[in-house]
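Some structures are shown below for you to check.
In the two assemblies presented below, subunit A is common to both, partnered first by subunit B and then by subunit C.
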Partner chain A sequence: MKPFEYVAARTIDEAVEALASSKGPAKPLAGGTDLVVQLNEGRITLDRVVDIGRIPELKRVDVDAQGQLRLGAAAPCVDVYSHLNVQRLFPMLVDSASIIGSVQVQSRASIGGNLCNASPSGDSIPTLICLGAQAVIQGPSGRRVVPVEEFCTGPGQTVLQPAELVVEIVVPAPGENEGGKYLRFIPRNEMDIAVVGVGSWIRWEPQSGRITDARIALGAVAPTPVRAPEAEAALIGKEVSWDVIDEASRLAVNAARPISDVRGSAEYRRHLVSVLVRRTLLAALERAGVDVKDLGGEAYAG
Partner chain B sequence: MLGKVVVRAVLNGQECEFLADPRQTLLEVLREELHLTGTKEGCGNGNCGACTVIVNGRPVNSCLMLAVQAQDAVIETVEGLARGSKLHPLQQVFLEEAALQCGICTPGFLMAAKALLDVNPDPTEAEVRHYLAGNLCRCTGYDKIVRAVLKAAQVLREESEKAAEVSA
Partner chain C sequence: MATATQYRVIGTRPIRPDGYGKVTGKDQYGADVILPGMLYCKVLRSPHPHAIIKAIDVSKALALPGVMAVVTGDDLPRIESSEKVSSGEETIEARFMTALCLAQDKVYFKGQPVAAVAATSLATAQEALSLIEVEYEPLPVVDDVLEAMKEDAPLLHGDLYTESLAGKGSKPSNIAGRVEHARGDVDKGMAEADVVIEREFRTQMVHQGYIEPTNSTAYVAPDGRITIWTSTQGAWDIRNQVATILQIPEGMIRVIPMEIGGGFGGKFTAYLDPVVVLLSQKTGRPVKAVMTRAEVFQATGPSSGTYIRLKIGAKRDGTLVAADAFMVYDAGAFPGSPVGGASVTGLSPYNIPNFKILGFDVVTNRPRVKAYRAPGATAIAFAVETVLDEIAERLGIDPVDLRLKNAVGPGDRMTNGVPYPSIGFRELLTAVKEHPHYNAPLEGKWVGRGFAAGFWMNGSGVSTVHLTFNTDGTVNLIEGSTDIGGTRATMAQIVAEELWLEMEEVKPMVGDTQIVGFNDGTGGSRTTYSTGVAVWKACQNAIAEFKVRAARMLEVDAEEIVFEAGDFKVKGHPDRSVNIREVIRNLRHTGGHFEAVGVSGGLKMAPAFGASLVDLAVDPETGKVEILRWTQFQDVGKAIHPSYVEGQLQGGAAQGIGWALYEEYIFRDGHMLNPTFLDYRLPTALDLPMIDTCIIEVPASDGPYGVRGVGEVSIVPPPAAIANAIYRATGVRMNELPMTSERVWRAMSQRQSRVEQEAS
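Our next item is the complex of A and B:
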């Protein structure tokens, strides 16, 4: 491995400055669970590594009085899923943070790093999209905010410009009668990369029984995580029923552009999309307070 | 500034200082510079858990952490488990229950299990299996390891009850 310089930034400004002033390629280092492997295996060569894991603002997990979550980009998964207010208000984020690797990986891996690594199978990204999260970015020319949905542009590619850093991820406070669920399919129980991952989020109106809003995001079936707009449209305005869920799960497949690889064929992935959309919708509805046992159809199995 | 960095940390209860090349992982420094060869390398990419050590109270894969990231950290390795010639209950029970064969995975299992019992002294079998999912063993079939961890948890609980009685 080519030697690189290590800079431990103490503040966000120092980190941006260290990235901007590097003569050759430089990258931020959060938990290192992607970056250290990439460096060790020679998949990436850097002149400078800027450690952002010592910047207190980047490590915080804050839920304010209104219920908005401000997640420091370098906070490790364990700090996310152990946080009582995150568990209470954002169980969907717990779904994702608690399945990224092993407990050893979760001690260090951050949600910010999972997003910036921009793997099509990153388990946090569909969830952040469903929850309407925004990435707060700081760089040499100041701050800007990008919806997570627009953040990834290809496998390993993002909207980040040189020397830009994600500083925090902001998740809006949940409203009444909302719920979300993330599930992935892997051939083992733990420690594997998603063959397909699906997040579903729903809001409904108990008086009318109608779905008033829906978001479905699919992972590992396209170069980036993608929304499933036809499926969402098929839900909005409808009364909650098994048929509506079933219809949405079939339409969601139209948003998938999967490839065949060692983890599964394209056809298998399309099948998994419909199964996981059904399961996540049922679980999301349950979290939103719908009595899903009354719906009939296939019981929730996830 | 290229070149080595001075890292200060607390290692198995003792303050220590070492020089690390930024490219070196914590695993490499532990084994090759500090000669603590109890921590093992299996895969080198976070999948096997053989290199597990505890950093600031949490289990980590030392192969995925740069040694320079250990600045000011409190590090526990398998060498710090025994008290003098008295084995830690986890080590003792692993021997009694034959929870190891070739032994290369054992230091990682011991440290991951210690991290679990430090925060959850009375885990269920399912909790033990889930927590240890990042540790691979090619020999034992896991059952004996899981049983040993549950038994060690019991020993540790009894020890702390006794200690509480004595001090009461």
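Our next item is the complex of A and C:
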């Protein structure tokens, strides 16, 4: 590791200023579980590391009276998944936050960091996309808001401009008859990186039995997490049935553009997309109040 | 040797004497060594798997402030002879050891050391590496054992000729060695068989995965005396290698083995030690080096990848009649794969009248392999035990019964013709059949139960221990065996047993090469067995002297003293006695202090048999295996400290599960693509089931209490047991390790399309 300057910012303004005034490349440090490893292995070199983990508002996890979640960008995963209102209103976020790294890693790693690291396999990103989350960004020229879906631009690449940082992630309040589920496939049982990750979210109408909205986001099968529009279209307006789910899981594969690497071949990844889309859809429907046991077929929820 | 079957301390589970240091984190490991004025070493490694080094320019690195010295292969003596050095469970030519420390003229694998820097900080040493200019001429890469064996394959070494019993080959080859064992007439045997199964198998390189990375710190005093603090299984092996590589007399070198964070056969080799000695010689300051995980993966020795073709024939009643094994083991850059171990293990558990075993040791542009727990045995057992499972299924015979029918017993011969002493394979198989796990129902779709057995010879070697005595009546025990598996506890138990002391009254420690007499390393499952004999002998020597001292205290002749239950008594006068603690307290008044030494060597082989029984479930959509239940069986002779014996069985099973499901070096053109613990997957606690154990105790022919070595054989059967269970769960026979989710899914998909084709 090359020596670098370390600045512990006390406010967001101080953090932006510290990033902007650095002579060479600078990055914010939240939990450091990605950044420190990258520095250690010489994959990146920085002149300045700006610690944002001491800024109180970046550590908060707030669910307001309407049910909207405001997540400080440096709040560790453990504070997210152990928050009772998050557990009640955003179980899909708990799916993601509770599987990033080990327990030790989860007590440092943040959802904001997972997003900014912009790994194609980042476990929180498909979930944030499904939940319609927005990233609040602050920089030298002020604040702006970007939907998480548009945040990642390539592996490790984001819309962040120099000296900008994500300060908050806002997740809209959930409505009635909605449910979401994130699942990933890993060779081991924990402490592993997704070979494929899938988030599925649906809203349905119990009276008609029809699906009124659906979002499916795929991880680790493209340079960034991607939506699966054909699969979503195949669900919306349809009555919930095994065949509809099966069809969507088949169509979701069309959105995947996976590579073959040491974690799995492209062929296996495409296959896993269909398996995980079916499983997450079933689990999402169950969370939305659908009795999936009535659907027939072989249910592999969860 | 003790004949009593009831012991006071042997077979109990006292708290380990080194436990406090471990659980409080206060023990000193190699990376904890900090010395005044110490410099930090980093090693520049070849980016090429195969290349000629045309020039090295270190001038810019030397000019960097804080850099105190730079060394290259030119700083090491050139060894032209084929002299060999000991490296634990194997030997290696000294010139190849030199090349593993610093390349001379040519690099043979990616990650081979090319130069090393000593600097005042780690960051400076790291920066200096980027200033060293090396000109390489890349050469064609040989990255596969079967490719390497071809006539037209590029040669790694111009002076390597195939060695076999027939002598040396006539022209250079990548085939370094050829081993052969045979009995009877294989063709005739196969012709008599009612069922013949022939299968091909592939396994990949796997690393021992010790969590503590390879490290070494050296200081060369102004008078030339060398002290090395290192993480090793064999301090004397390291001393011998450093002496040979640097051409320095052994007496000038003291090797201090630090606490060790795992070895599994991989920590017998002086990868860093000669380099830090060289740098300390140049700078006059202590120099420390610690490898990164990527360096450990790429520049220390994993176990061989293999290609195996195996054919076994059996009669309708299950009698094995013939076997034909063709094995190729990847040695990596320099000769020395464990194909020899493979040739005397895989088929040795069974009486087969006709067999032919042909094995090849082949070099490739990959890291030079090293011993890994029962070296060579796991890959061949994967082949043998899955083919036997297929034969059992074909013949409708219970898989354990098939093995019982053919199992070796005392007096039967191994494949190399050596007769077995006392062994407990049949007793072990019987225990499996009677075990609740074997008889428990297993129901449900996509679940299966698998069984496999395994064999390992076990080593013996030389051990020396010293006993000294304290005026408070306690005893110091100094062993030279690195304590990896709890030997300070087990050796102290032997002292407590023999001298009728309490466990807490024995103070064990591991000595270095200058504190205690010669010891072979902690490997080959030899320590409890061989060091145990040395301890037992030291105790008997101590008792003999104590009798003399007790006689003086009791004012009788020594011949009249007997030692019973901790008391030295006058024969025929049970009221006239003195306790051993009193004798120890009074040593200085009865003739002065003394030391009792015990040396072992030349013990008979005490082989070990083990078996794995596994229930598992396969996710039919992803191919992912979930282990539901595991029982590990082993004949251990006698368990001195059952908790550590169980730990060895569990540890071997855990590593075997890693081989079976997750672990592999993935190469492209000689480049390892996954040199991290993220993509080289060791099983974690969350991936392993509770590994239940079943200890069988059939006493060994030699040694104290009938002990056998227990460290290695438990890794041998797990991959085959898992493969057999996957077959029962899915109908697919896996013939490649690791059996990753993707490979299982692929095999299941292929089977599905075959079934569909046949149906249409």
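Here is the rule we use: the second predicted complex is superposed on the first by the 301 of 302 C-alpha atoms of A that agree within 3 Å, B and C clash if a C-alpha of one lies under 4 Å from a C-alpha of the other, contacts with A are read in each partner's own complex, and residues count from 1 in each chain.
Simple rule for what comes next: a contact is a pair of C-beta atoms (placed from the backbone, for glycine too) under 8 Å apart; a residue touches a chain by one contact, two chains touch by 3 or more.
Keep in mind that what you see is a predicted model, and the values were worked out from it rather than measured.
**Q** What is the contact status of A:Asn189 with respect to subunit B (first) and subunit C (second): first, second, both, or neither?
**A** Both partners, subunit B and subunit C.
**Q** Quick check on the superposed pair: does A:Val105 touch subunit B, subunit C, both, or neither? Answer first, second, both or neither.
**A** The answer is first: A:Val105 touches subunit B but not subunit C.
**Q** Kindly classify A:Pro28 by the partners it touches after superposition: subunit B alone (first), subunit C alone (second), both, or neither?
**A** After superposing on A, A:Pro28 lies clear of both subunit B and subunit C.
**Q** Determine, under the contact definition given at the top, whether A:Tyr268 touches first (subunit B), second (subunit C), both, or neither.
**A** The second partner, subunit C, only.
**Q** Report for A:Leu39: first if it touches subunit B alone, second if subunit C alone, otherwise both or neither.
**A** first
**Q** So, A:Gly53: does it touch subunit B (first), subunit C (second), both, or neither?
**A** first
**Q** Can you tell me whether subunit B or subunit C touches more residues on subunit A?
**A** Ranking subunit B and subunit C by residues of subunit A touched puts B first.
**Q** Check whether A:Glu5 is in contact with subunit B, with subunit C, with both or with neither, and answer first, second, both or neither.
**A** The answer is first: A:Glu5 touches subunit B but not subunit C.
**Q** Following superposition on chain A, which residues of subunit A contact subunit B and also contact subunit C?
**A** 1, 3, 41, 189-191
**Q** In the complex formed with subunit B, which residues of subunit A make contact?
**A** Residues 1, 3-6, 8, 29, 31-33, 36-37, 39-41, 49, 51, 53-54, 78, 101-105, 107-108, 189-191.
**Q** Give the list of subunit A residues in touch with subunit C in this complex.
**A** Residue positions touching the partner: 1-3, 41, 185, 187-193, 261-265, 268, 271-272, 275, 300.
**Q** Where on subunit C is subunit A touching in the complex?
**A** Touching subunit A from subunit C are residues 123, 126-127, 294, 621-622, 624, 661-662, 666, 673-674, 678-679, 681, 683-684, 686-687, 740-742, 745-746.
**Q** Show which residues of subunit B lie in contact with subunit A when the two form their complex.
**A** The touching residues are 1-2, 5, 21-23, 25, 44-47, 49, 52, 55, 58-61, 63-66, 68-69, 71, 112, 115-116, 130-131, 133-135.
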